[in-house]
Amino acid sequence: MQNAAPTLRLEGVAKSFGPVAALRSGTLVVQPGTIHALVGENGAGKSTLVKIVGGVHRRDAGVVELDGEPVDFSGPAEAKAAGVAVIHQEPASFPDLTVAENIYLGREPLGRFRRIDRRAMRAGTRQLFRDLGVDLDPDRPAEGLSIADQQIVEIAKAISLDARLLVMDEPTAALSAVEVRRLFAVARGLRDAGHAVVFISHRLDEVAELCDTVTVMRDGEHVSTDPVADVTAGDLVRRMVGRAVADLYPKVSSTPGEVVLRVEGLQSTGTFHDVSFDVRAGEIVGLAGLVGAGRSEIARAVFGVDRYDAGRVVVGGRALRPGDPTAAIAAGLALVPEDRRLEGLVTESSVARNVSAVSRRRLARLGILLPDAEARLARDWSGRLAVKAGALDAVATTMSGGNQQKVVLAKWLATGPKVLIVDEPTRGIDVGTKAEVHRLLSTLAAEGLAVLMISSELPEVLGMADRVLVVREGRIAAELSRAEATPEVVMRAATPGASAGQEGAA
Amino acid sequence: MSALLRRREAGIALALLVVIGVTTAIQPGFLLSSGGFRDLLLTPAILVVLAVGQAVVVITRNVDLSVGSVLGLTAYLTGRLFIEAPDLPIVVVALVAVAAGAVLGLVNGSIVAFARVPALVITLGTLYVYRGIALTWAGSDRIDAGDMPRSFLALGTQQVLGIPVLTIVAAVVLAVVAYYMYTARGGRQLYAIGSDPDAAELQGLPVRRRLLGAFALGGALAGLAGVMFAARYGTVSSGAGLGIELQVVGAVVVGGVAIFGGSGTVAGAALGAMLLLTINRALPVVGIPDFWQRAVVGALIIGAIALDRVLARRRSHRLAAERDTDQPGEGGPADREEANR
Amino acid sequence: ACGSGGDGGDGGDGGASGDVTMTMLPKNLGNPYFEASTAGAQEAADELGATVEEVGPDTASPDSQVPFINTAAQQGVSALIVSANDPTAIGDALDEAKSAGTKVVTFDSDTEPQFRDLFVNQASAEGIADKQLELISDQIGGEGEIAILSASANATNQNAWIKLMEEKLASDYPDITLVETAYGDDDDQTSFDKTAALLQSHPDLKGIVSPTTVGIAAAARYVSTSEYKGKVAVTGLGTPNQMREYVEDGTVEAFALWNPNDLGYLATEAAAALVAGDITGAEGDTFDAGRLGEYTVGADGVVVLGEPFVFDKSNIDDFDF
Amino acid sequence: MRTHARPWWQRALLTREMLTVLILVAAWVVASATVQGFDGPLTITYLVLDVAPVLLIALPMTLIIATGEIDLSVASVVGLSSVTFGLLHQAGADLWLALPASVLLGAVCGALNGALVAYGGLPSLAVTIGSLALYRGLAVGLLGTTAVTDFPESWTDGATEKLGESPWPAITLGLVLLIAVFAVLLHATPFGRNVLDIGRSSEAARFSGVDVKRTLLILFVLSGAVSALAGVYYTLRYGSARGDNATGLELQVVAAVLLGGVSIFGGRGAMHGVVAGVLLIGVLGSALRLEGVTVNVINIVIGTALVVSVVAPRIAGGLRVRRRSSAGHGS
């Protein structure tokens, strides 16, 4: 159809972070005047690809061309100058600056004597917001903006660049329906003006509605590229998650025992509402849902690192003091958090120190903690979990993501918990290690541990859980038995758009 | 936000007015005598200039503890220049001292920006080094009033239309820097860097260049403060400005500049400096022995930081509450259905 | 010289004629008053064939002199000549030095008597107090409010003079009231600002007495450029070089001081006499102090330089220190 | 799995702290050989007596900086405790009562700092600049121009008394004991591990059940109490309780701790490094003074050492990283 060079062409682009290969072979061709969808599971490498296009990361290998010209950006400023506007998945706004300043930072309209023309800036911001149909005060600080509003600001910023290529990494994850419609209108306007747009979303209905072409990625590699009209949502899901599930999920069946964890009417204003469920000994309960649905917040509140407004958490028959992780640990809770590098591990510390982090008090004799006791515990647990590290005093930063994850698991298992909450236990972990982690969880459950597993990877939830709770927009939208839980049913329950018409049918 | 900040500065200004008002009521000469009025304006001039420079550095999430030593060095340099080269015009001498200050600031800035090491440690180190250089150079020598030209010393006390020259200098510095911080792209970028240094890199801002600029400006203003010191006090020994750094940081903090960068204004810092020194002068007048002054100043600093935090908490609570009313729990899905039809 | 100095010190009074090493320790460096006294010490040392080295802290805080006293003791210098920042804080260190064989002479500002062998006093405390009251009384016409601008709140010598002045005022000058004593910490800036505060808090102030060279210069500078010039008298103790400007422009009529050069000279001569064993510091001991003639040790081991000298427009240009 | 990647001697020697220790040893050896009077017995006596306050305060300061916070009010607490001790003595209180009372007051001062930082969430740098002025102001205000000096000789002598015929002051025993206590606290207790974890990632520590706020509060209380103890020592050593005692000491303490290899960002630090850092500043000062070098040059040397001690590892580290990445590029 087009003879001109594509606006963006990536061929075999690769990027690794230490041992993690985030992108193995990224391939993407975006024609001018089209909206191109990029879909794939969590961790498929979409954001990494986007960051390379936006000059945030430098690729390890492969080709990147803009309008047929090879480019190699050394920084975001260069990409911007070359006409690439990117809305990143995690917006980085400056909380102390006003909304308008955030949008125009570094390229403020100048008046006389090269001074910032605030009136023009405000007017420009208003116009942008009018186009997007939102009502935001350009003069309010970015601090305290909701994720949705932050996203709007990012979108406005990107649009105001009037770039030839606009990349949007999950821009709609937090937007309301009205905002989404406005955004789509703006995106179509850009397309019709001949700009190229890349659109990333986990919502396949949005893809169908907005996009012309769709590229599927899996495990850092390109899977397929088709006109949207030629593929069904079912095809896309299959391509995204299609892999040999049998090996990956060595589920050992067990008979659930007593209820160990009971959550009653948990509520945190603006985040989740009326969340009630329980987890039995020997049972793996999966918590499925879209990114941003509030599953992590629920887990954090249960464990006590976040406060909540109402409800209670009962472990082994006794209510926990809210907001007190120490009490939760004493009661037998363990949380393997979502963000390994920030919350799960003290990355600057050694394996031994990390493994013993929670058990220290118990290890100490007369208040003195002997290095030997620490080393013994660490050797014991890292052996059982087959942690691969040079030595026990290897610093956690030097380890692969999978091994880091095992260290976090080891740390919590060493406390002998009754309930193990794992949040995205295999995010960013290679397939082999993934299977090991699954086997471990399965075995532990079989030994009587109660496991609450949050995962954005459907196959993982379906392959591992005895029961699946689906969270949608901060509420438990469905509870499914292992038999009931098929990818289609879970996806429909989880997706705000898809649910209404079809829930009854499921 | 500017409305809130304006309120913050208005608060300090109000406190300043209250202090002046109460003191004047007890001792009318504090404000109403010509000397009282002059000192009210003149005394804070040097600290204001230092606070303006420090505020710019603190806004970028750094700090410069070496300003007292830079002041000492440049004040002595000023005197020395008058002795060594009596024919040099005053303006040239002042410019040389300011340039020297800028260079010293640039040294700090380069180490911080290029080696990516914490400014607190580096400027603590250069605090010792610069002071050591001043001591080595000056020894027991002291610049006396007689060593400097009358016309220069006159600047220290002279008034134009009833306003002391040094106060005018401080006001001009404040106006220029405030204008830059508010209206220039570079100024806003300094705020952005302090607000979130990583995001600033991600946005492709010239972080290094801006940091160098901020430290150089801080140094240059400390140099200017050195010149003002020489003019005002008429004597300079190697100890000039000893220990003033904590007072400067205190003034900046009282003035509402967050120590972790990104917020606050130079005008606030200047008001903070005026408030601290005016309180200092007011206490003996209202009958509190001057021994207690530091305690009052310390309580004031702590109170100011705590107040800032309370205001910030209240603000973010309010913003969060707004968010909740914007997005009622049921609204989202309903809207979405509608959109998808 | 340094090397053999260490040996010489061990014997105490052993080899005075040999290598006599002395350490001059002013309150702090960067003070022209002490620059002059060190010059005097140097002159005396040259005449005696001894060596004198000036060391000192950068601030006049109570404990900052201690490491330098310790160093002198380690070096085993023959004598230590010190102007004390605090009457007791350096006492132990001086004791240590004395027990290592070092002779200790205080000058300008004394410690408690047991810590030193000799105190070379610039003038008797009474003499200094009287002279300053005489000056201020003359300048304000014998009546009105006055204030004192002192050095640091703990300065021994200043506090002694201030106490004597207060007593004398009560008894001999009934029409003069002392309304406040402020402390400028011997810091230009502080003294300057304190002068401003004094003038403001006391609108009827007629005169300021500053018994410290830093204070009087700062006070004079403030007054010289203010509305108070010619209305408020400034006097006290100052050096001619610092005060010349203000005497010439009429801010200051007259002020007093001894010659700090002579003070350093005398202290060094006294120290040498101690080292040589000519005197022990007992009352009635006499020694020859070079160009200054013969001096006698008074009660409590005090040697008095002489009466303070008054500088005014007529004579100030004859001096350069 | 092996417990350690490198043999013990490498682990012990190739550390940032050991660098300070080695420089200290080198400085000592060079000074003994070349500086007249340095090898005498008085050197040790004076060194211990002079560094004692800095050393004492540096112990809790190490823990505080290891969490990524700072306490600039320590010298003012020294002053305030000195004044309290003096006033209590003047009021006729027994010194055995005045001593714990002063230390308790220091703990209260520290608790105020700690509460504001930990529970108020305020930046410690700003808070303690404020309390630096506040506590000093109280100290100076309480005593005014006066000083309390008439302490019983048995007490003042105790501060400088030597152990028998040796050059070591008796307080050495107390110092060594406290160093040992703090070293064990930091290196061999769960509490110390928590402290370092907070410095490295307070978020991860919180997720591991560490009560970050309580830990910070405890550290500031410790800092206040030990500073107050140093204040009593100061008072007795100089025989003089004054409001301005130890003015400016806070920057010396911070400089010594950083020189000892503690990271200002927190998470890294060892007691032997800090002790060596404190001693190094003492030895340099002592040797340079004996050489007749004046205070100005000593300032320059200390300041330069501080800058170099943070920049040098950074440059070395940067080079290592760059070399590794360029190697990766080649392969």
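Every chain is named by a letter (A, B, C and D) in the order it is written, and numbering of its residues begins at 1.
The definition used in the following text is that a contact is a pair of C-beta atoms (placed from the backbone, for glycine too) under 8 Å apart; a residue touches a chain by one contact, two chains touch by 3 or more.
Please read all numbers here as calculations on a predicted model, not as lab measurements.
If subunit C is removed from consideration, the chains that remain stay connected by touching as one piece.
Using mean Cα coordinates as chain centres, the one most removed from subunit B is A. Centroids of subunit A and subunit B (each the mean of its C-alpha atoms) stand 43 Å apart. Mean C-alpha positions place subunit A and subunit C at a centre distance of 75 Å. We define each chain's centre as the mean of its Cα atoms; on that basis subunit B and subunit D are separated by 30 Å. In whole angstrom, the spacing between the mean C-alpha positions of subunit B and subunit C is 38.
Across the assembly, subunit C contributes residues 29, 58-59, 153, 183 that each touch 2 or more other chains.
Residue positions of subunit D with contacts to 2 or more other chains are 144, 248, 294-296, 299. This structure has the following touching chain pairs: A-B, A-D, B-C, B-D, C-D. Every residue of subunit B that touches subunit A in the complex is listed here, in rising order: 1-4, 179, 182-185, 188-189, 191-192, 194-196, 198-200, 202-205, 262-263, 315-316, 319-320, 323-324, 326-327, 329, 331-333, 335-340.
Taken together, the subunit C residues at the contact with subunit D in this complex read 2-3, 6, 29, 53, 55-59, 61-63, 66-68, 70-71, 73-76, 86-92, 96, 100, 152-154, 159, 183. Remark: subunit B residues 63, 111, 115-118, 120-122, 124-136, 238, 243, 246, 249-250, 253, 259-260, 289, 291-302, 304-306, 309 touch subunit D in the complex.
Every residue of subunit D that touches subunit C in the complex is listed here, in rising order: 36-38, 40, 42-43, 45-46, 50, 144-145, 147, 149, 156, 160, 234, 237-240, 242, 244-248, 285-286, 289-290, 292, 294-296, 299. Partner subunit A is touched in their complex by these residues of subunit D: 1-5, 11, 184, 188-190, 192-194, 196-197, 200-201, 203-209, 211, 267-268.
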